[in-house]
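In order of appearance the chains are A, B, C, D and E, and numbering begins at 1 in each one.
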Amino acid sequence: MSDDLLRFAPIALPIAGAVLGMLLEALLRKPKVAMWLTVASLAGSIVSVFGGATGLAGYGSELYTLDAAGGILTAGASAFALLALFLSVNYLKPQDDEFPGEIPILLALVPAGIGIIAGARHAMMIFLGIELLSVPLYALVALRRANAAAVEGAVKYFLLGAFAAGFITFGMSLLFASEHSLDLDALRAAAGRSPVAAAGTALFLAGLLFKLSAAPFHFWTPDAYEGAATPVTALMASTTKIGAVAGLLKITPLLPASAWPALAAIALLSIAAGNFGALLQDRVKRILAYSSVAHAGTILLALAAGLSAADPALAADLHSAASRASVYYLIAYGASAFGAFGIIAILERGGDRFRTIGDFRGLSRRQPAAAWLLTFFLLSLGGIPPTGGFWAKYFVFATAVQAGQLWIAVAGIILSVVGVAYYLRIVATCFMASEDAELGAPPQGKVPLPALLATLAAGVGVLVLGFAPAELLGLIGR
Amino acid sequence: MSLLPLIPLFPLVGAAACAILHARTLAARRRDAGAAQNERVVGAIATLAIVASFAVSVAGFFIIQHEPERRVAWIVSNWIPTGGQTIDFGFVLDPLSSVMCLVVSGVGALIHMYATGYMRGDKGYARFFTYLNLFVAAMLILVLADSLPILFIGWEGVGLCSYLLIGFWHENMKYAEAGQKAFVVNRIGDFGFLLAMFGAATWCVDAAGKGSFQFAAINESVLAGHVEPWQVTVIGLLLFVGACGKSAQLPLYVWLPDAMAGPTPVSALIHAATMVTAGVYLVIRMHPIFDASVLASSVVACVGAATALFAATMGLVARDIKKVLAYSTISQLGFLFLGAGCGAYDASFYHLVTHAFFKALLFLGAGAVILAMHHEQDLFKMGGLKRALPLEYRTMFVGAAALAGIPLMSGFFSKDEILGGVLAGRPVFGNEQINLVLYVVGAATALMTAFYTFRLIYLAFEGESRSNEHPHANPASMTIPLAALALLTIAAAALGLPSVFGEFKPLEHWLNPVLELGGESGNAAKAHGLSHSAQWLLLGASAAIAMIGYSLARATYGGGLAKSRARAEAMPGIYKTLVDRWYVDELYHAVFTKTLRLAGVVAGLFDAYVVDGAVNGVAASAKRAAAAARGLADGKLQSYSLWFGAGAVALVAAVLLLI
Amino acid sequence: MTFFGAPVYFLAVALFALGIFGFLTRRNAIVVLMSVELMLNAANLTFLAAARGTAHVHEASAYAIFIILVAAAEAAVGLALVLALFRIKQSTDLDVASDLKG
Amino acid sequence: MNDWILPLLVGIPALGALAVALAPAKRDGLFSLALLFCAAEAALAIFTFTKFDGTNPNEQFSFSRPWFALPTGAGEAVPVAFHLGIDGLSLLLVALSGLLAPVILLSAKGHIERREREFLVWSLVMIAGMQGVFLSRDLLLFYFFWEISLIPLYFIIGIWGGPRRVYATVKFFLYTLAGSVVMLIALLYLAYNFGTVAIQELSTKDIPVRAQLGCFLAFALAFAIKVPMVPFHTWLPDAHVEAPTAGSIVLAGVLLKMGTYGFLRLGVGMFPAAAVQCGPWIAGIGAAGIIYGSLLAYGQSDMKKLIACSSVAHMGTIVVGMFALNAAGLRGGILQMINHGLSTGLLFLLVGVLYERRHVREIAEFGGLAQVIPAFAVVLTVATFSSIGLPGLNGFPGEFLCLKGAFDASPLLGAAAAVGTVLGAVYMLSMLRRVAFGPITRGENQKLIDLNGREWASAIILLIPMVWIGLQPSLFIKPTEPAVDLLISQIEKGRRSLALENGASLKIANAGAAETGKSGGRR
Amino acid sequence: MNFADILAYTLGAATLAAALGVVLRRDAVVAAMNLVLSFFCLSGIYLILGFPFLAAIQILVYAGAIMVLFLFVIMLLGVSTLARTPVGARSGLGAAIALAVVVEGAVLSVKLASGAAANTAATTETVAGVSELLFKQGLVLPFEITGVVLLAAMVAVVVIGRRDLRVRSVADFAREHAFDPRPLVTSMPPPAAPDGLDAHGLHTNGIIKNNARAAGEHHNSEEIAK
């Protein structure tokens, strides 16, 4: 019995935390309780993943079993949700006169959804996981419902999300119609046999690519990121991709191996759309949003490579390489993106001053620590060596080269150099503004401690990944 | 043997000492301590260093007598390991280099003594002697080197010192430009020398196929025939390009007239006695190459003759006393190459030695005149100095006589030997007539030389004084060297009397081991070329040429300036071109300097707009794409969903097609 | 020719296409939400049509139920958002919500 | 046994950067702390040079710790190690960058007034990055340090540079990054197809000629941008003009050498067949670069830009020397890397001296300085003549060997490269004349003060090795000779495999091999 | 073509007509009614397909709960405002995409139909069978998860829909939250940038474009300063 409890712990704990939190919130009217409860449940989820919740068989294991990579993804999502909670603790207080108790509940449900997707061995589980992941996020984006931008962002995110849900369900129905089963292992075995199944997978894929914010489906990302409050954006930047990639890792094998060029095309399109979109941007959150589109493209590059081998033996190798690369990328990119948004959240402290690049001018003189930390995160996003971002990019392109797609790798990596240009622009504004240029508005009030801790935690994560990639690689590999 | 390395070492130490003193005077000047007292010390150190080196050279001269090959070689240390061969700091004292050492250090010492007087009161006194000592050291290294790269050290060393000394008064931009021009033209010559060096090291391989930079090895390999003829010619020509650069021959002579910007002792030492002869020394040292390749030696001869004639014409009309001597130096060097080109190496070396003496004498005399006339250099503003400067007049007269080739003077014998060598020497380009033509050119040059030499004497010393300054006497330290050089000029005649007066040829006999390398090829061919009667005829002709030149000059310039002016106007066209130095300077300026500057500007523009343009173009196109990408996101949910729908449909279609 | 062969799937695809058409062309938030419902119903129909008469009957209806429940959840959140938008913009026309751009 | 040296060589500046970043000391306290670390670095570099055993061709003092394994499917993985080693090829460069460390600090003291702490941190990180590049024996580690060394210079130019600094520094960063990412792809290709990223193993493994060519071209692109070779050089003048003096010294002194060192170690070392195949082309471009660079320099009116263009020409000489692929050329290439570092470093130092006093760099602004500041004029003259290649100073041995190598490879190439010596004299001496000689044209030049103690110290640090190499180059060339001979045997192996590849049957191959063997000059 | 087929065809046609009505009618209320009609027809089809339980659920949940919610919201927003809802600008493109989906769908359904074996064993769906799956074993976990999804939806709706504690009339709330057209970036006119530097003190002709113009030209909703 204890095995089953342990097996479900990574997703059960956050859900339990949310429900209990809601009850206590209703009864005791003290938001602090819900917050600490969520913290405990998320921490419990992380601990349970490393405590051996992965790879166990048991009740309902044909529907839900966490493997090593899935475990890392769930733990990552829970960690990022935890950090987002810390980030938003007193971010919103000045705005909405009392801290809405529901935020911890919503924050707890997001990693639960991702855990479900990560462990899913059944298509419906993936769909439900996506829904459980998305609904709280819609609410979180629209948190400051008095702010027109937030509501607009949430509406766009929701409507396109519902549209994607329509595609996913119809895709699943086609899969069921042709294979009469939604069990992923059965479907993988039948991959490529019937066109209807392939079309169904493609539709399912479209929904997931929306969640990943890949190229043609990415237009919601800048608006949602800009509309939402910065801690929520930090959460979205780091976790939505984990959920999407967890789903993609399970759905792409259903596609016939010969379909990899489609994925590769979307990957390159995303990198280009993301990088070129951000090049002339003036508002920092939109820049980071477009950069997340580019990073989505990079991950897709690895997944496309993972798909491309015809004979089964090489296919298995490539798929494991692709999943290793993409999981590493998610954790490294997630930490860097979270860190960058964390810095912006600390600087904003609830206000809306640090919106455009102009506000960052001469930051290195006013807030040197913030400037250097932001630079570190941006370098990691750009994939410059001493940071985790470098190894992430390295492993992705390693998978592409292993799959023999040299020219696609070269194209992808040249486009990513364009990406570095706009990170440098932000860094240049912070450090290299001319002496006499008047500086952006100074942030008022002192630095909120929990937010600082969260951002520093992300920084340490990126640094450790930068200098010692072996640890995480080992964890994923096992 | 152990003291031979001291020869180049003394001047080096002297240079270092003067440099330190200069640095102290700089510091002292700021506290304006006694400069004069300092000058005496510096002058003494510098001169002593050269004298010591001269003494060791003399000792060396006697030491090598007893050596089997009259040759002593020593290696100081290894220098550059080039993978194949290792280049060492190797030096050799053999008959050729010992005489050169004697000339360099001897004349050098005298000029140093003269300079102590000439430069008195100049605030760069110590700096001057540092450079002068450094120059002598470099020249000695050049002469004593036993391999091409070590010779190249001396070669570029003297180039550096001539750059520093020409531009010594660097306050005046024109002098600085003259210095730069000298170095750049030398560098063009060095380009040829460098390639010749590599060619020799690569192609002149010994029996075992191993190349070497050593003179001995190269000469021996050329003689042994291991080198293909075209390669020998290429090396020969490239060596000659280097020699032209250094010895101011036709294409690369333009820097010498401008080099007169330097103080006069510099002109005397560098641009008359030592550095300019380095080219001839190189040709003589590598003579097996020129013997082996008819084309190379013929080119040397013809260029020599052409330069001699060309420079002499310009000498006729030069107004500046030092410019006259400069053109005469170029012309005499042309003579040397003419002789060397026809195989008369000992004759041209003999003329080299005598020329060193009397040209140095003339320059020092000119210096004395200039100093006396308070730095006035224009001949037309001088005159009647005979009475004021009697010693200078007599010594310069001796020098002029030697230069003009007045019979019984050393110049006469050495020039005659060369002309004889031309007639009896190797047929240029394979046929005899060209030798005859070259002889006629040589004779014409000799005539012009005699004319302009005595033109100088008469304009400067004869007639009535045309300037209002009253010349003051020069200090003893300047007059003693003049006298000494005059004696040397006269004594030099004894070094190489023509064979018709009996077999007393110490210089030729002394140089045999070096010039005998080729067995037949050397001067043996010349010895029995001319019969006694031909030799007498030759002597007579040379004497006649000299006397005609002397009398012509006396006639035109004897009666003072007015009459001579009239005669000059008689032929305006030629006079103008000669005065403007055949417009060569303008030609060079237009051809080289302007095109180079234009090329620089064009390269700059090309770089900024084409190469850089491409880079910025990439950035601009990226920005255009970025603007387009931003245009797509127009904020309307409908367009987002259209993209979504289109993407989904495309994806499904792609998957269906790719199954 | 029996309705339950190809025609039922035609109907499902038609419903799905109409849902997409409604979503892409209508600018009224409510109608857009209704179109999404249509697409979800199309999926239900396909599930059930595929499982007709087979042993997976119960499985298909379970999936249909799940989809209906999720549709309900989506509708609720959607309408809440529409209301919030209306309160800010006094209109449900989606072009009004186009300030975030670039 | 003494494998502690190399990690310390990289560690000292890194620790120094950390110490300076955290130390609470006030303004010049920080500076002396940084100088302490730099002095230690210089001492250790010289110590390494002396302890280096000049007879053994392969790497010494190697320090290797497993870092991580890149799984390449089917169970096995490519071991990536933190593997440092020094051998003949990198010895001189490590010594140079160690030596330049104090010079950078000393020259920075004068003109870095604001934000010293950041500057000191960045320059120390820069030095650590450079040493890392020269010492790493693992391709991935090489790439890791290669990109890390970009960041400090980005900030040094960006924050303390001139008016167009942001444009210049972004251009420098992106240009170099674009080249190096292509190298990353080639690096990955090698890792997957040959199962190792250790440079030593890759050099011994005979890679098929076609693959060699592909990888070589990818690596060559990255290094050509870094050297810079002519078509890719436009970032250098901008970077130099905008960089502060210390930035210019480190950029010209060491950063450009990473390109040539890369060509040597990775280009020729690992892909000899491709190097033999592309050698003449690259040498040709190098020779063109010499002439083009010299013409560019001649047309400049800004002193710093002139020296920047001159270093394009000098680097062309090094490339010509190296890709002559013979004993003399390789020795010349390696030595000339050091010479260029020293002479151009000194030239930039002197330009910095003038800039600190007059805050202007146009040559026309100066004139007749020899009369006002004679000591400066003397050092400037020595630096000019060293960069022209006057025998007796350090320029000559290097240039002589490069040109001899080029001549041995092909007389035409030798002649083209030798033209550089003449053009070099033209533009350098005209610059020297317009700056130091002639009358004093500007009033402000009257009151210029001569070199102070600090400036003399940094100049002396550079002058001593310049004269020493000039007089006794064998001391510096001897230790590199075994490694160069090893490289030559590698090239011969490349030639043979290339001949095998081209010659269809074995017979033609033998004839071909014999032919190419005998007359090195045949192209 | 027995009776069931005829009935199925008619119901199918009716559903299609209703769906067209939903999509094309300009009036939202009529659209909602059409949707309800289509749900009823669908439940009829489910009955014929042999899924009585599903037919009931369709009516109860879809028509009963969700459509009521829609109508409630339509009423709340005021029927008049929803009378004339314009069609989107680029509806032509939307139609094209829908048509493409129809074509692809048709192809697939033909393949699907041919593939499916025409089995006649009419094992109709029973409530027991479904509940066995949902509550005992088989699909229990997804069912629980849908529960959590519904919970999440509830919390989300509460967060979004929460009315401010300070009760104010809709009018002044609207005024207070009206969108202030001031451009998002208080982009003052770019100062005369010395030698080509843009408003941000950054170089213009390099990669950093002069985006003061770009920032000024698009206006954005400024967060209403509290």
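The definition used in the following text is that contacts are C-beta pairs under 8 Å (C-beta built on N, C-alpha and C of every residue); 3 or more make two chains touch, one makes a residue touch a chain.
These numbers were taken from a predicted model, which means no experiment stands behind them.
Fewest steps needed to get from chain C to chain D, stepping only to touching chains, is 2.
Graph distance from chain A to chain D, where chains that touch are one step apart, equals 1.
Ranking all chains by how far their C-alpha centres lie from the centre of chain A, first place goes to B. Chain centres defined as mean CA positions place D nearest to the mean of all protein CA atoms. Between the chains C-E lie more C-beta contact pairs than between any other two chains. Distance from the chain B centre to the chain D centre is 37 Å, each centre being the mean of its Cα atoms.
Chain D and chain E have Cα centroids separated by 62 Å. Centroids built from CA atoms put chain C at 26 Å from chain A.
Our note on geometry: chain C versus chain E, Cα centroid distance of 6 Å, whole angstroms.
In chain B, the residues touching two or more other chains are 622-623, 630, 633, 635-639, 641-642, 645-646, 652, 656. Those residues of chain C in touch with two or more other chains are numbered 9, 12, 16, 19-20, 23-25, 27, 33, 44, 49-50, 54, 60, 66, 70, 73-74, 77, 81-82, 84, 87-89, 94, 97-102.
Residues of chain E in contact with at least two other chains: 88, 93-94, 97-98, 101, 104, 108, 112, 116, 139, 142, 146, 149, 152-153, 156-157, 160, 177, 179, 202, 205-209, 214, 220-221.
The touching residues of chain B, counted against chain C in their complex, run 630, 633-638, 641-642, 645. Remark: chain E residues 1, 4-5, 8-9, 12, 15-16, 19-20, 22-23, 28, 31-32, 35, 38-39, 42, 45-46, 48-51, 53-54, 57-58, 61-62, 65-66, 69-70, 73-74, 76-77, 81-82, 85-88, 91, 93-95, 97-99, 101-102, 105-106, 108-110, 112-114, 116, 118-126, 129-130, 132-134, 138-139, 142-143, 146, 149-150, 152-154, 156-157, 160-161, 170, 173-174, 177, 179, 214, 218-221 touch chain C in the complex. Of all the residues in chain C, the ones that touch chain A in their complex are 9, 12, 16, 19-20, 23, 29, 32-33, 36, 39-40, 42-44, 46-47, 49-51, 54, 56, 60, 63, 66-67, 70, 73-74, 77-78, 81-82, 84-85, 87-89, 94, 97-102. Contact residues on chain A toward chain B in their complex (touch as defined above): 155-156, 159-160, 163-164, 167, 192, 195, 198-199, 201-203, 205-206, 209-210, 215-217, 219-220, 222-223, 255-256, 258-259, 261-262, 265-266, 272-273, 276-281, 418, 421.
The touching residues of chain B, when paired with chain A in their complex, are 622-623, 625-630, 632-633, 635, 637, 639-641, 643-644, 646-648, 650-652, 654-656, 658-659.
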